[in-house]
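Think of it as A, B, C and D in the order they're written, each chain with its own count starting at 1.
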Amino acid sequence: MAAIAVERGQMLGHWRRWAPVAVLLGLCLVVGLINPSFFSFGNAVRMLNTAAIPLVVCMGATFVILMGSIDLSVEGTIALCAVAASMLVTNDLTGVTIGLWSVPAAILLGGALGLLNGLVHVKLRIPSFMATLGIGFAGIGIATAILGGVMVRIADTDFRNWLSLGRLFGIPAAVWIAGIAVLAAWVIQERTRIGRWIYAIGTDEQTARNSGIPVERTRILIFGVAGLFYGLAGALSAAQIGRGHALIAQDRLFTAITAVVVGGTALSGGVGSVLNSVIGVFIVIVLANGMVLMGIEPYVQKGVQGILIIAAVALALDRSRLDVVK
Amino acid sequence: MSVPVLEIRGVSKSFPGVKALDDVSFAIARGEVVGLIGENGAGKSTLLKILNGVYQPDSGEILVDGRSVSVASPRQAFDSGIAMVFQEQSILPTLTVAENIFLGREEEFIRFGLISRSRMHAAAAEELRKVHLDIDPGMRCADLAFAARQMVEIAKALSLNSRIKGHVTILLDEPTSVLEQKEVDLLFRIIRDLRDRASFVFISHRLEEVLDISDRVYVMRDGKVVKELSARSASVKDLHQLMVGRQLHHEYYREARQVPPSPAVVLAAEGLSRHGAFHDVSFDLHEGEVLGIAGVVGSGREDLARCLAGHRRPDSGTLHIAGAAVRFAAPHEAAGAGVGLVPAERKVEGLVAPFSVAENMTLAALPRFVSHGAIRFAAELGVARDWIERLKIKTPSPDTMVGSLSGGNQQKVVLAKWRIAGVRVLILDHPTRGIDVGAKEDVYDLIRDMTAEGLAVILLGDTLEEVIGLSSRILVMRDGAITARLDAPPGGKPRQVDILRHMV
Amino acid sequence: MRAMRQRLDTWLPLIVLGVLVLAVGLYDRTFFSLGNVLEVTADTMTLFLMASGVTLVIMMGGIDLSVQAVASMTSCILAVYLPELGFFAIPFAVLGGIVAGFVGGYVSTRLRIPSFIATLAVSGAVLSAGYWFSETRSINIPGELSQKYLSWAVGNFLGVPNEIWVGAFFLVLLSLVLGLTPFGRVVRGIGAQERAVIASGIDVDRVKIAAYTLSGTMAGIAGVVMAARLGSGSPTLANEFLLPAIASIVVGGTAITGGVGSVWRTFVGALIVQVVRIGMTFMGVSVFAQQIVFGVILVAAVAVTMDRNKVLVIK
Amino acid sequence: MAKNVSELPLTSKLSRRSVLKGAAGAAAVGSLGGAFPMPALAEETTWTLANSLRSVANPYHATFAKGGEDFAKSIGARYEVLVTEGNSEKGIADIKALLQRTGGKLILNVDPNDSPDARVIVEEVQKAGGFVVTQWNKPDDLHPWDHNPNYVAHMSFDGVPTAEAIANELFKAFGGEGGIVALGGILSNVPAIERKLGLDNAIAKTNGKVTLLDFQPADWNEQKAFEITQAWITRFGDQIKGVFAANDGMGMGALEALRQNGLAGKVPVVGIDGIDAALAAIEAGEFAGTVAWDPLWTGGMGLAIPYAHVTGKIDITKEPKEHREFYGTGIIVTKDTVADYKANPPKVDFNDLWGKATGQIQYRS
């Protein structure tokens, strides 16, 4: 069958796939040249530690974005789960103590909130932007209402050690957990049915439906899966700072979306991967870390960050696949 | 006929304002290939979508092996032994070949809750072998050429054959519209090979193909089956007549109206090249001529057309419009110079579906309908009404959403858009793809009208026959270069074989 | 039937607004007083002005996340330069918004970066600019200067607060631009099917950049009005405005995916957002429940108002 | 770390009650009706009291709101809490709505979201005939005596000497010599500016013994503080002898970053606000100190003073300027004083209107 032209010239496309990594390496090089202590083992561990929670968050956010949807409930879900987790371990507010069981509890709560996002979005036919925005508001509201303005202080050393402070081979527990979360997300993406269906739905929902994929159910489930990751991020957040409160996830949302996009996942859906987001998270973290290491004037940091992010996306995003950019 | 493998009885289906199917009955015997033809809007696609579980019938029943079944989803259809190749390609570019073939039915490869890549790829390789496509199942479909994707699509439908015990039915909704002759031949060979295990329903606008492959043909019109006949005893002309419901015009391609081109050159290409697409292309385009470009997919003709219309940039070479050198960086620059493109992907590039007929018509000429910064709606409506009448566009009103019109009428709106814009050169990329016979003839008439008014047309036809019939001159392309230039005056048309020789 | 249903859809945002107003008003009659109605409307206008320009961007299927930072920055420019430049400080401040909008549009279209990221990044740069103009503090606008140059924004005319006149002026202006001009039609077309608009020989990039510029301009004007109302400029003046602004647009029924929408819908949407918020204060909803109620009502309102006629896939 | 509940400082105990209330609020979401009180059928005859603040999600403002509630209960008046959620226009619109609903019979104690808001709020309240006390933020040229009698007073805490004092506690904790890093609030916030100034003063007075290695604004955000502190540890390593945070939240973020690197308790941290977590950290020897603001007092007294005027107990227009614009008392809490502070939390006497005032507000420009 020589007559059928099988492949298209894709040299550039293959190269593009590695562009986010190149951006990350370039960035590390620049920061490292200005401040060599960037390359120390200690700093690597510290950056991994800082990246742990954003990584977990981005795993969930990537799935939703790959479907072409968006999840703005990130902060509300994390806050509520963090508050729940900290109220279920030894603390100064409630008498309930279930120790490490609070972690699965937080994860499940996150999953439930995610399902709620999905149900409202799919069943009421509301754009995910609005459904998740509303539920995000409500999540923070509920966390505030439960606490009445106080913070829960966690006194459970086990909880904090297992999720954050403890170290294995010199690497903090949070990093290991984030690593497991990334692995889980990768397996879900590559080796499960809904993982593959995410791409199908994100690329062309109608075709996905015609192929017999239960699109509505999958959408709801994916929001649920994303919620599981936010739930874990909630537990990790509580363990990291040893407290639970309604504002614990402040600024997590835009950081997460920026990381996902900088990593090369398209907001229009279908293109990208959780591994891209891992690179994206590190680009964002190195950028923030580098600002301090390089001693950039505080009030221009936001501006420099903005310009660098534009540059990173311009280099990293495989725009050859996008006919139109929205 | 013994018990049909698949039968529908008295099926009706209505959409708001339209009765798409009216008491349709239809049967397929074991191992049979049934052709299904009809103009656009006759109800063929609706019928297939009901068989495939995308739509639910309002009344009537579906029987598989004589038993009444309900087909509530594509998945259920599949489990009942019915698979479909869609008219709009349903291959997802972001997934691999293997994933596309088994999309929505991955469970057979699941071990311990996870998909086994190796099993899936092995099974996919098996299916690909059937369609003689030698590609890696792990390859992303985005990296495949268009025709190869279509073959993957066909492999996907045929995979049903090895998944289901017993007899299966495969629905093919215009599988050949993007295929070249060689691929069509291959497809037909596969269909014939599989007849002991499968039955086929075949839809195509290319009636010769339908007669070639089918045993029986159903003709539909206005949501009803108007005739069922044996393919052996029917001719293309019969089928035309039955579909349209009127006498077929004797002279299909309006050769009599082909005007001798004027000596005035409106567009001249000199040594145009684009890396990986075409190289050193030179030609003149005269006023009032239809210049056909023939070539297989991959010959570079699509890329050439898009370069001429400013959608892509050539790497080298010059382009003159009416004697002046031009370089187009974007479509709007080409349009400004009087070059328009009627794209092959009508729904994506041709029309803004939620816009009204009038809004679409004036889109390329908006500044002309503006005074003091505001659109003159009355003038716009007037022009739209005028063109609706001139092109015999069937639409309730100029304000109707264009997305609700049939394919043929949509294409006329696209043509009207460029006529209103007053282009001097119009590039037609598969202008009759997926539109029915009656509308095709209208489009041919329109092309003759345009050339009579001095427009120059570049035509990338749907079939070779169409290119020959319409063109005054024909360029043949192969592997990115022009391999032949043929004159095609009325009465002195080149034969298909003469052109094919230069194409492959 | 279909036509009637469509006509009803058009009025749904207004109906939702009416029901909400009625609910609050029946609970507390003082809500209905003319003074209060004018007051509530006037208070909504900065939100509307900020959302009005973004509406165009969202109708194209893009998004502009920089408006909050832009409004804050223009308030700083105005406050810094009003004593020096007098009246000309106003166009100068708005110019800041124009430039920011243009840059966002340029980066998004020419560098082909998704608007979400492009405008988010521009927002960072604009924030830095705001700090630079204001030397990182809030700057007072002396009363007499405000009297002299900004009374068009904060005074009264015919018993109606000037904010409403300003808001109404831009409502009409932008509605006319969107409804009557080729620009407006192309904006709508880009949201519905961008590739077809490109293939029709329209310079889409130029229109897109223009729309982003307009969005920045409106944010700039919103910043000026806000500075006039609060009598000062501050680099954080418009904080927490972004999400309510986008919520106003969506609650009005404009599809976030583009193609469908209008400025009057955003006007009504902003009023809905405001009435829900103020209504909770009127009805004495506990602050602990307010955010929850707000979230739930927003979702419910969108469920009712969204114009789904022309939106095929809801993402 | 586990501790006996009876040892908890005052704010926690108070909050425990609001937890129950909050939980009830959350439960009411299911049946929204429960969240709404019955409409007042009779015309309002008494004054409504209200505190306006940023968000009940942070402990300082939650306690501030509680202080207002305590006072309202003590006189049996109706009490409302308004939140700005960080949005100036929302805060103002809410206040206008409440003025409308109460027909102007409103006593308002407001912590404006941004200093410019204060002028608009004062003008609106004056127009409606209500009474207002502002806290923390206001433009320098806006004075209560220019809006008699409705603008009753402005209360604040002088960030400069406070920050200077707590910075000195930090220096003392590491022996008075070496480098420190400092976390600031949102750059343009008045308290953030004042606290930075106080820190600078303290450093200047050490004659070069203490150096400021780096200053970064963490926007009052503990997460940001965590990340910045991590980077500092890389950049400066053991040059860092102490961490100054412009509020306790950021201080806690810095402390956790230190803890991740085994430095908690070795590198002292100071904060400002006096939240529970900070007090606990002081007890644990990880914080060198904090400044407690007594939000119960500010939350209640901002209502008590105008109420005294309304009921004729005082005539505010005749009060001296140091009773119209005054600083409250920040209590420095360190390892030495924390036990005493927790055992004897500051008491609030609503009849002693200016007992805790510490002088008229000074303007530096």
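Note that contacts are C-beta pairs under 8 Å (C-beta built on N, C-alpha and C of every residue); 3 or more make two chains touch, one makes a residue touch a chain.
Treat the numbers as computed from the prediction; the structure is a model and nothing was measured.
If you take subunit B and subunit C together, the chains in touch with both are A. Counted by C-beta pairs in contact, the busier of C-D and A-B is C-D. Chain centres here are means of the Cα atoms, and by that rule the chain farthest away from subunit D is B. The distance from the centre of subunit C to the centre of subunit D, each centre being the mean of the chain's C-alpha atoms, comes to 32 Å. One inter-chain figure worth recording: subunit A and subunit B are separated by 42 Å, centre to centre, where each centre is the mean of the chain's CA atoms.
Centroids built from CA atoms put subunit D at 70 Å from subunit B. Computed from the mean C-alpha positions, the centre of subunit A lies at a distance of 29 Å from the centre of subunit C. The set of subunit B residues that touch two or more partner chains is empty. Multi-chain contact residues of subunit C, defined as those touching 2 or more other chains: 131, 136, 195, 198, 288-293, 296.
Shared interface positions of subunit D, defined as residues touching 2 or more other chains, are 21-22, 25-26, 29, 56, 65, 187. According to the touch criterion at the top of this document, the contacting chain pairs are A-B, A-C, A-D, B-C, C-D.
Residues 35, 37-38, 40, 42-43, 46-47, 49-50, 90, 92-93, 138, 140, 142-151, 153, 155, 157, 164-165, 172, 240-243, 245-252, 288-289, 291-293, 295, 298-299 of subunit A touch subunit D in their complex.
By the touch criterion stated above, subunit D contacts subunit C in their complex at residues 21-22, 25-26, 28-29, 32, 35-37, 39, 56, 65, 80-83, 85-90, 92-94, 96-98, 100-101, 103, 114-117, 119-120, 139-141, 186-190, 193. Across the complex, subunit C meets subunit A through its residues 60-62, 107-109, 111-118, 120-129, 131-132, 136, 194-195, 198, 243, 246-247, 250-251, 255-258, 288-296, 298-299, 302-303, 306, 308, 313-315. Residues of subunit C touching subunit D in their complex: 27-28, 30-31, 33, 35-36, 39-40, 43, 46-47, 131, 134, 136-138, 140, 226, 229-241, 244, 274, 277-278, 281-293, 296.
Residues 52, 54, 73-75, 78, 84, 86, 88, 90, 92-95, 99, 103-107, 110, 113-115, 117, 132-135, 139, 142-145, 147-148, 151, 180, 182-183, 186, 276, 296-298, 504 of subunit B are the ones touching subunit A in the complex.
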